[in-house]
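Just so it is clear, A, B, C and D label the chains in written order, and each chain counts residues from 1 on its own.
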Amino acid sequence: MSQAMAGAMQPPFPAERGIEVYNKKLGMWIFLASEVMFFAALIGSYVILRFGATGAWAKPGIVLSIQITAFNTFLLICSSVSMVKAYAAIQDGYQDKMKFWLLMTILGGACFVGIQVYEYIHLVEHGFLPSGVREGSHLAELVENGTLPAATMGLYGSTFFTMTGFHGFHVTCGVISMLYLYLFKALPGKYSPQDFGGIEVVGLYWHFVDLVWIILFTIVYLV
Amino acid sequence: MRRLSSVAAVAAGLLVLALRPAPAPRSTFAGSTVTGKVKFVGKAPANPAIDMSEEPKCKAKYTTTPHEEIVSVNKNGTLGNVFVYVKTGLPADAKYPAPATPVVIDQNGCTYHPRTFGIMVGQNLEIKNSDPLLHNIKAMGKKNRPFNISQPNAGMTTIRTFTTAEVILPVECNVHGWMHAFVGVLPHPFFATSGADGSFSITGLPAGTYTLEAWHEKYGVQSATVTVTGSDSKTADFTYTAK
Amino acid sequence: MTTVAATAQAAHAHHDDRSFIQKYIFSTDHKIIGIQFLFLSLFFLMVGGLLAMQIRWQLAYPGKPMPLGNLLPETMAPGGVLLPEYYLQLVTMHGTFMVFFAIMLLLVGVYANFLIPLKIGAHDMAFPRINMASFWSAFASGIVMLMSLFVPEGSSRAGWTMYVPLSARHDYSGAEFGQEMWSISIILFGLSSILGSLNYITTVINNRAAGMTWFRMPLSVWALFITAILGLLAVPVLAGAAIMLLFEQILGTHFFDPAYGGQPILWQHLFWFFGHPEVYILILPAMGMVSELIANGSRKPIFGYHSMVFAIAGIAFLGWIVWGHHMFVSGMNPTLGSTFMVSTLLIAVPSAIKVFNWMGTMWRGNLRFHVPMLHGVAFVAMFTIGGLSGIFMAATPVDMFIHDTYFIVAHLHYVLFGGSLFAIFGGIVFWYPKMFGRMMNETWGKIHFWLTFIFYNGTFFPMHIIGMAGHMRRLYDPTIYDFLKPMQPMNEFISICAFLLYGSQIIFFVNFWWSMFKGKKASQNPWNDNGLEWTTPSPAPHGNWDTLPTVYRGPYEFSAPGASEDYLPQNRKLPTDRDPVLSPAAGH
Amino acid sequence: MHWWLPPQGSTFAPDIDYMFTAILVITGITFVGVELGLLWFIFAYRERPGRKAFYTHGSTKAEIIWTAIPAVTMVIMGIASNGLWVKIKGRNSVPANAYPIGVHAKQFEWWFTYPGPDGKLGRTSPALVAKTTNPTGLDPDDPAGHDDLVVRNQMHVPVGRPVVAYLTAEDVIHSFYVPEFRVRQDVVPGMEIKSWFEATVPGTYELGCSQLCGLGHYKMRAVVTVHTQEDYDAWMQRTAKEKGEPTS
């Protein structure tokens, strides 16, 4: 899309009156309300399926590696903190500090996605699939000897990959938007203590994604 | 996943075939004939009776209670509806054109005619409905794309073809749970089904050693090996025993 | 479209240096996006109707070759005889097109886009580019859905409610690509709907003109605002469910597969948790629009404006706790059935308030029967039938008998066609001058209205009767059942009315296109209405106003004592009016 | 042509019809009132030269009236319906002496299992389902099932005795619907749902699937025959003999 066109797409008129929250931030809050419903549908289904299932659920720590994901959770929480740092920095007018913390956030998010991809590859190798356990795999042996419950492994795979996969997708979207902000807004110095809407709005999104992960980590990995 | 693994299996199969030594050019002569009988030993089990009382238009086509012909033992002690085909031994690079005449499967009196049959890859399968009521035709191919179509009126015909060799591809009607047919889809014309006298005959075989396989829906598979010169006639019999 | 918009641009001298593509294709102007949605949704309305005609042919003359049926491919109708699998595709796609791509886009896509900024006095939506993205994802979604009819095995055939396991397993349904495309299309549609909703909500909250307080907002804006909230919160649930369905289809997950502990009823809960708010998404904007049409036609303020607002909010709130009434006989815990019955019956209360308030608005009015008013009154009359027939189904024991029969088909068409679609037709005629700068032909509009009204009732009222006789839905050939054979003359009557009903829409179609080029030039305020959209030229220019209007009163001050005319625009300053005190500008 | 509800064939048909009629009267009065009101307004307040609309923003009193009346009516209707609902579908509504019949739905057939002389249905399991030979998946290890009769598309019930249908589905969701009995219950795979009724008039009726279940949905029809107890026993004897099952 050409520069001229992008310019033409900006609302060409001064904004109007309303409540004390500017449009983009209000829009993000509203969008997050929608996201809450989306994750509520996925997590709600998980809860219904897990507790409505006849038969036990796989004990935590057998299929999934808690250590590595705990580290990943720590990483994501850190990136939330660094986002706050970036926000505070630009609020006080420190451009360089803002750029640094924003970059840290991007790195944290990217590492999270990377580790998740690594985790997925590892799981698939061990025979854990969205459709359950692959025949003849390591996990199939565990099902065979009773370490893992045969009846619910299909649901376990379905819910695990759907929930964590969509969360990973959200993190990826967040990383891409932050990268956009970093390259096209932060580096050219377009933010100032008067105008840092992008940081604040994407920050909101980032904290939301982080919050969702804490819930997911608890109910999928720990319980 | 399942689709993927079947693709992998087919690919592996093709690779194996490709690595074989190239056979001698095939003669264009009539070729050898393999005939045989499928014998049946033991007491024939009773076939389940079909309760067609809720399908009066089909029931009217029968004078006695119809049975599902799972095991059709002939009077001469042979077994019908056994699908016999050349499993291995044909040259890997040989191409056999599909005949222009279609194979017809007729739905008449709420049963499939024929019940077990072979068809070539690419050959037309003409599905005919002779009953004035709904039949659906569900072909549950694993290597072929499955289809599930329906024919609500008498006289309807539908043409379908299969793209990949598959023995056996089951066909069923879900409106009438007793209706089953079994299709052997092959890339070559060397197959036959044992008939009312239990015999079969495979013609036009080029010289070579072949593994024949016989398939029956209840009693499973048996194999036999024959070597032909390309112009002779050989016999290969199979014997199934009641279980 | 291009010529129309060209006329639109010629009509005023607003400075505009956007290129053609920016102006009319990848436009960020809410009015152009609204008109794009209009064309898209009218197209789907036409297609959906065409599918319905084929359904009606089969039901009236089961197994007989359909006229022009030979044009259809062998896999759909060999020799013109519709096949059961094609019939089920028709049923599924008719529902899907009409609910998602016709009515929902017409109400939420067209009217929310076109009206919200014009009615609240804003230059444009809060996020014009997101608005554009919303249209194009709806467009993509519609194309995917339409294309699914032409892939091998045809489109989805599990009914628009897509009950699992039928929809999840292609060995059960007989369609693979079509089912997957349905899921993909609905996910895209969900994205479009969420983007649209967040835009409408932000715009209404933040971009109102000075003096446009909450309770000076027109009821159509109220309805669209509350609808947007419903859409924002309900559609992501559908998107989540559609994602699960898609994974079930392509990845082999087991959410709904009982063999692995999955629950088929879970889909129904998710679908109807979305689906019932969706029902109100499909009617609330129509109610809002009808309020405008009736107040205008009656030349009287809306009777009980505040209770109208609270009724909309009440319906929207109750809409969240009634989804189970679609599932009384689904095998759900019967105790839940009792709860859902009570909440469902309570919806009758706000609905009744609305009907009586519309009647109150007409009471002692000065009724002007222009085409929009005719449609408005027809809405009230027909919605009453649709609402009342809903009570039968709310009562659980009665629902047990008439569930999944033609009674429910009659009910939902009385609400969606008799309700929403009449409002939509009225709305199109009413706001047509603001969209295209010309009036639609009045005489042909009236002829279209009366023919539609008569054949519509001829089509859908008898469905109550065959429903009472136990005629099930989605039957390819009802004559299989002895108890339905006597109903066949009625089925034939319904079908003939349906064909005439569809034929009558040609009048609207011709009128719509003819008026666009040859219609009477519209003045700025052809209906003598009070809303802010009538204070800008017809068609409204890019940016709507150079200087935004200031609002001094509510939108329904018709026949006010002291006013020179029988209407009093919201922005007209009378000597007694004081300027609104503005807080410091907040939004940016 | 048939202009009213189907004939009543079960004990709760009269109750449901009464409920239906009551709602029809209430909604009918509302309907006639609203539509006549509209017509009257359309005529009486049509635009005429010199006429001016009456300027009013509403009347709280009137609005309270037309809020309260529907609210009260709806609450009463809810209470009345709920009693009947609990009687038909409530958790513990199945009478203790109900005669069990297994109803197994599959694309696109109904299979009915009759308990035989012991009055007990055998255990079934989806894993044991075999087309033609064991369509309902009866467990051969359960002695209660040895005398069970499995019949396709024919439901036979005795008159004047509560019958409880144990509904199971093999593949997709179906729905058990006999219009004359006013009974409908979805049949969901993975669940066993109990639904009871008591037929009151001997005769033959039709059972249809009323939940879209695939290509042959419309053809998924069974015949319900309501017998007197003697006829029923005779039918049972006859069928058992045909099927080669032990009889009492």
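As a working rule, contacts are C-beta pairs under 8 Å (C-beta built on N, C-alpha and C of every residue); 3 or more make two chains touch, one makes a residue touch a chain.
If you're wondering where the values come from, they're calculated on a predicted model, not measured in any experiment.
Think of the whole protein's Cα atoms as having one middle point; the chain whose own Cα middle lies nearest to it is C. Set side by side, the interfaces A-C and C-D show unequal numbers of C-beta pairs in contact, with more at C-D.
In this assembly, the C-alpha centroid of chain A lies 34 Å from the C-alpha centroid of chain C.
Between chain C and chain D the centroid-to-centroid distance comes to 32 Å (mean Cα coordinates, whole Å).
Centroid to centroid, with C-alpha atoms defining each point, chain B and chain D lie 45 Å apart.
Computed from the mean C-alpha positions, the centre of chain B lies at a distance of 54 Å from the centre of chain C. For chain A, residues touching at least two other chains, in rising order: 129, 131. Across the assembly, chain D contributes 107, 214-216, 218-219, 221 as residues in contact with two or more other chains.
The residues of chain C that reach two or more other chains are 84-85, 173-174, 252, 262-263, 476-477, listed in rising order. The touching residues of chain D, counted against chain C in their complex, run 1-6, 12, 15-16, 19-20, 23-24, 26-27, 30-31, 34-35, 37-38, 41-42, 45-48, 51-60, 62-63, 66-67, 70-71, 74-75, 77-78, 81-82, 84-86, 88-91, 107, 126, 171-173, 175, 177, 179, 182-191, 193, 205-206, 208-219, 221.
Remark: chain C residues 18-19, 22, 26, 28, 121-124, 126-130, 132, 194, 197-199, 201-202, 205-210, 232-237, 239-241, 243-244, 247, 251-255, 257, 260-263, 266, 269-270, 273, 543, 548, 582-583, 585-588 touch chain A in the complex. By the touch criterion given at the top, residues 106-109, 131-133, 135, 151-154, 214-216, 218-223 of chain D touch chain B in their complex. Those residues of chain C that touch chain D in the complex are listed here as 84-85, 88, 91, 157-159, 163-166, 169, 172-174, 258-259, 262-265, 298-305, 307, 329-331, 333-335, 337-338, 341-342, 345-346, 348-349, 352-353, 355-357, 359-360, 362-369, 377, 380-381, 384-385, 388-389, 391-392, 395-398, 400-401, 403-405, 465, 468-470, 472-478, 480-483, 486-487, 489-490, 558-561, 566.
Residues 63, 74-75, 78, 81, 83-85, 152-153, 170-171, 173-174, 252, 476-477 of chain C are the ones that touch chain B when the two sit in their complex.
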